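In what follows, structures are represented as structure tokens.
Shared between the two complexes below is subunit A, which has subunit B as its partner in the first and subunit C in the second.
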Partner chain A sequence: MKKIFFPRLFQLLSVIWGVGTLTFILMRALPGDMAYRIAASRYGQDNVSSDAADLVRQELNLDQGAVVTYFSWLKELLQGNLGRSLVSDEPVWQILQHMLGHSLLLASVALFLSFFIAIPLGLLGATFGKKVDQGIVVFSTTIRAMPVFVVGLIFILVFSIHWNWLPVAGFGSPEHIVLPALSLAFTLAAISNRVVRNAAIKAFYAPFYRFAQIKGLSSGRTFLRHGSRHIALPVVAFLGIQLVGMIEGIVMIESLFSWPGIGHGLAHAIFARDIPVIQGAALLMGILFVVLNTLVDLVCYRLDPRARRQA
Partner chain B sequence: MQSFLRLFGRPTRFFLLLSLFITMTASAVAADNPTPTSQNTLSISGPFEFTSLDPSKNGYIYTRMQVLETLLGVDNQGHLIPELATKWQVSDDGLAWRFTLRKGVVFHDGQPLDANAVVKSLSIAMGKHGTLARAPISNIHAVSEDEVEIQLTRPYTLLGAVLANYANSILSPDSYGRKGNVLAMSGTGPYELFQYAPPHKLVVKQFAGYWGKKASIPFASYLTGHRAESRVLQARSGQADIVFGVDPASIPMLQRLPNVSVFDDALPRTIVLKLNSGYPSLNDVRARQALSLAINRRGIANAVLRSPGSQTEQLLPASFADWHLPNIKAPEQPVVKAQKLLASLGWHLNQDGVLERDGKPFELTLITYADRPELITVATAIQAQWARIGVKLKVNMSNSSAIPAGHQDGSLQVALMARNYGFVPDPLGVMLSDYGRTGGDWGAMNWNDESVDRDLATLQSVTDKKVRHQLAQHVAQVIYQDRPVIPVTFYKQHTAVNSRVKGFHFDPFERTFYLNDMVFVSR
Partner chain C sequence: MMVSLLKHATFGQKCGGLLLLVLLAFALFGNGLAPNDGAYQDLDAILAPPSETHWLGTDHFGRSMVARMADAIRLSFMLGVLCVVTSSIIGVSLGVWAAWSGKKVDAVLNVFVNILLALPGLVIVLLFAAIVPGSFFVLYLAISLVQWVEYFRVVRAVTKTTVDSPAMQSSQMMGFGRWYLFKRHIWPAIAPSVFTLATFGCATAILTMASLGFVYVGMQPPLAELGLMMVELFPYYSDAPWLLAEPLIAIALLVLGFHLLGRKSS
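This part shows the complex of A and B:
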């Protein structure tokens, strides 16, 4: 346990510093005048001018050197202060709370739904012969080959336009989350069902599985006692990798469905050069990755008796 | 009831009565405090985000949703009309404007509107980025409880129009924090703020104490839809009652739907090419004229924008008679004329079909921005049309701020933009900032005409309508001839409106959505 926990704690601190520093450097390295970008986001396209940019530059003290700005950010960070948005002047923490709440909700529902799609599909592919498996491969490849917003659009066309069951976009009621979560879930399940399938085949043809069958256990009992844990291990480990991929999808999905999450917020903050929000969002996402991966490791640790024995 | 209750034991009876009481209280509270539902809420979808309560930043969304109001309003022709001020007088020397405030106006927080509230709001607006900061104001003070006077350092005919701009909305004094930042929004409009979830969602609720025509629809919501296709699908599914900024390609599909009407409304916004008149290949007026001639405006209006008749070679439409030249006709054989003009400047086609002079090709880089989806398609159409005369155009998609930034650092060559000449309801406001002595971020670049500069300066103080007309016509004529910018088409706002909404009409100055004129019809 300690072997997992302490390296991860160190990793967490490194991620906080590394992500914050890297985003700072990258944002400063982007071409274009920051003051103009911020002014455009603050005052809108009709009212952005060099006067507005000068005002922003003066107000935010943008002329002070990058090094001074960086160290003042680091100092504030050590005090637990993420600063204020350069565009809206709201505390970054408040903005992130609003966005992160929505994103976590969307991601958890999507992940939950993806299990319900991936596990049966993977087991079907592993159990019911080549033709079924090939059909699932075609389905998975088709979904994965499509950009996630196309999957979202197809769902909108079917469920919102054709059947008029669910809203096209927005948030605020449970029905609003169904389509964005389903779109994400399908893209996640398109790959994870293959991991389930491979893990299942590996387990089904393993000597210990055969032995369990030969000694007279029913197929259900064999699966539950000897198969499920074995299959779960690579699937849970793969989950950690999928969380990275989910960010890619979540930006597009949040944009398409007007979902006020962190992915979409981060993209807009980058357009606006709102560095404190970018740093805060990237930092929070970095922390989340470490925390979630630690959780994945802990679950694997619980699932795999070999790891416990080694410890 | 009592015999029914006797069927139960004492604790069960207690819980039954308690539940009944809670249900009835909750129903009564719900009846007094209705919540937004799809039946009682006018659902609006538009492309623009909002991140602040400050009117100097995102005031347009609050005046459009009719939460905030200004001292003066504007009718569809651009004439000033009373709003929170019922009348206004300008002193003979033009240096003092006195406004009489409407009686019986209350803010959403219950405070009455008085001169001190107006002075506070306007003084705060003056200290922020916006139209009032640029006005030559020396003092704003309360003359009496319902009279406000604004003193100027020089005559400024634009002041009335400037006061109609969203950034100069009047808020309750309690809305502001110590530094003039807006902490809570309390305006005077027919709707008050109900839910504020930046940057996507805003819900407003009808305000029973409104001084004018009261709203009949209890709630209205605004949802930012970033993707044009997502907004169109909201209109199509009926989720949104009104969808602003419908992309031209989706119009025929929406027009086929029985439950949706598409409105096309002309705006004082024009799609314009901004040229760097100091750039070597653009510094001769003949080159700029040739580029203008090579644009097939009718084709762009019909095929790209699907707004037949919106093509133009002028900055402002005919409804702005002062600034519109009535006798401009489309030239015949424009491409041939363009080629001749370029040949007269020494340009000749090389073997790749690109114009060349002194061994250098005629190459330009155009920047445009993604906020308005049609700009990129218009840019690529112009790219193809200029290629026919041998001009190679590279199109760069950027952020709107790239245009003023490119103007200031001199790197801009050509920019395509949708310029809003009604930002201040008198076009003089924008013309001054775009075509004054040093040009403007969104106007002329490295181009100057003394007569234009002089006339624009004079227009700020002249009140005589005839003289104003003559001066504005002269400015329009010089800009048309010299082409520091090339107008392409007038902008049309395409709006999809669901059939359950009656009373929709569009404000060409984009100040209000006229929500209080709309009603739901039963189907």
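This part shows the complex of A and C:
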């Protein structure tokens, strides 16, 4: 167990340091007068004067030395003090809390759907002959060639604009989650169905599986008792690899569908140069990434008795 | 060498290579098909459908889409190739170094790798793009920074087994130099993986730039960039659906080409 937690804890710390440092550089290296820009976003482009900019500069300590500010910046971060949004003046924690719920909802629905697509497809490819498998390969390759936002865009064009079945963007009703979750699920499933297929073939042709069949178990029972866990292990392990794609997909899909999650928040904050929110959103994503990776490790540990014996 | 490469390529790899060659040719010479360059606005012919003068139509400013698509694809190729060259050189040399030169180097490099792996690549690139918006160079730097890690990990793992192999150890005992050992033993072992990583890395780099353009934090207008063009042309979908289709198809073909080229026979 120590082997799982210790490196992850180190990663968690490096997330905080990395995001903190990058956002600090961002803060210092911003082109143009930052105080003026913030004042403009607060009071409106027409009402901003250099007096207002000076006021902001004092309020946010924008004129101190670089090294001093860097350490106080990191210290604040380690204390969990993320500050307030430069645009809306809300506490960043509050904004993040709101966004996190939406992102987790979208991610879990998408993941669930992707299993629903990938597992039957993979098993289909493993059990029915070469023709079916090749068809699935063509399907997977086509979907993989398209970035997730292109899949989403095509779904919008077909289901919302052409047929008018589902809303284009936004959130609130259950219908709003269908398209974003489905586009994310398709991209994830396009890769993971291959993993399911390979794992299934490996299990189906293993000696122990043959033996179970020969001793007279029904095919359903053989699959449940001897196949399912063997197939589950590589699929869950692959989930850890897919997490990167998942989080990147969420950034894109949320921006496309105006889903009010972290990814949408991050893209918007970058566009508006709202540094505390950029920092908070990137930090939350990094932490989420590390935590989910740890979860995947733990599930693999539970599934695989060999790993437990070693530890 | 080229002949033997062609002989060993699978059907899918040949298709991918051909597709990329066609796209590259279009990127390099596509400007010649347009009456003007990509910045020229012909305001009498806005949102024109494909015709003899404008092969792919014109956009909402009356700019020739042939020229703009060629510019955008050329930019994507440039970024992809630059990122692959940079990240593979860094990743391969550090990977071989870490596997071959004892534990200290390995430990230090592993700390770096773990830090980089703690954040999803796109988030790192987004943060860099936030620091210097609309800069091709910073985008290239950020993507290379994210991508060398993959080469490093694979090369390090393969090199470790090669260094311990009897073949290489006997070579070493016969007194061959380091460069010879690398050329004769390590490079042949890592080359296939590096090639696969390079093709997929190229596709990812192109995708990343398009993604950033798509959320409007990457390249800035009036530059022709595939992701940015999708956003710009989306509002005109009902008047000119073919315009939106062009960047979509281009990015899908680019990624497909690199994926096909990189896949080993299954």
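Here is the rule we go by: the second predicted complex is superposed on the first by the 255 of 311 C-alpha atoms of A that agree within 3 Å, B and C clash if a C-alpha of one lies under 4 Å from a C-alpha of the other, contacts with A are read in each partner's own complex, and residues count from 1 in each chain.
Going forward, contacts are C-beta pairs under 8 Å (C-beta built on N, C-alpha and C of every residue); 3 or more make two chains touch, one makes a residue touch a chain.
Here the structure is a predicted model, which means the values were calculated and not measured.
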- Message: Just to be sure I read the superposition right, which of the two partners does A:Ala282 touch: subunit B = first, subunit C = second, or both, or neither?
- Response: second
- Message: For A:Gly18 in the superposed arrangement: first (subunit B), second (subunit C), both or neither?
- Response: second
- Query: Is A:Ala181 in contact with subunit B, with subunit C, with both, or with neither (first, second, both, neither)?
  - Reply: neither
- Message: Let me test your reading of the model: by the given contact rule, A:Ser255 touches which partner, first (subunit B), second (subunit C), both or neither?
- Response: both
- Task: Kindly classify A:Leu153 by the partners it touches after superposition: subunit B alone (first), subunit C alone (second), both, or neither?
- Result: both
- Task: For A:Val196, select first, second, both or neither according to whether it touches subunit B, subunit C, the two together, or no partner.
- Result: neither
- Query: If you stack the two complexes on chain A, which partner ends up touching A:Leu55: first (subunit B), second (subunit C), both, or neither?
  - Reply: first
- Message: By the touch definition at the top of the document, which applies to A:Phe171: first (subunit B), second (subunit C), both, or neither?
- Response: first
- First (subunit B), second (subunit C), both or neither: which does A:Ser88 touch? first
- Would you please give the residues of subunit A that touch subunit B in one complex and also touch subunit C in the other complex? 149, 153, 157, 161, 255-256, 271
- Task: Please name which positions on subunit A make contact with subunit B in the complex.
- Result: 32-33, 36-37, 39-53, 55, 85, 87-90, 98, 149, 153, 156-157, 160-161, 164, 167-172, 255-258, 260, 264-265, 268, 271
- The subunit A residues in contact with subunit C across the complex are 7, 10-12, 14-15, 17-19, 22-23, 25-26, 29-31, 137, 141-142, 144-147, 149-150, 153-154, 157, 161, 243-244, 247-248, 251-252, 255-256, 266-267, 270-271, 273, 278, 282, 285-286, 289-290
- Interface with subunit A, subunit C side, in the complex: residues 114-115, 117-124, 126-133, 207, 210-211, 214-217, 227, 230, 234, 237-238, 248, 251-253, 255-256, 259-260, 266
- Message: For the complex, give me every residue of subunit B touching subunit A.
- Response: 45, 48-49, 51-52, 56-58, 60, 129-130, 134, 167, 181, 197-201, 223-227, 229-230, 233-234, 236-240, 369, 371-372, 398-402, 404-405, 407-409, 420, 423, 433, 441-442
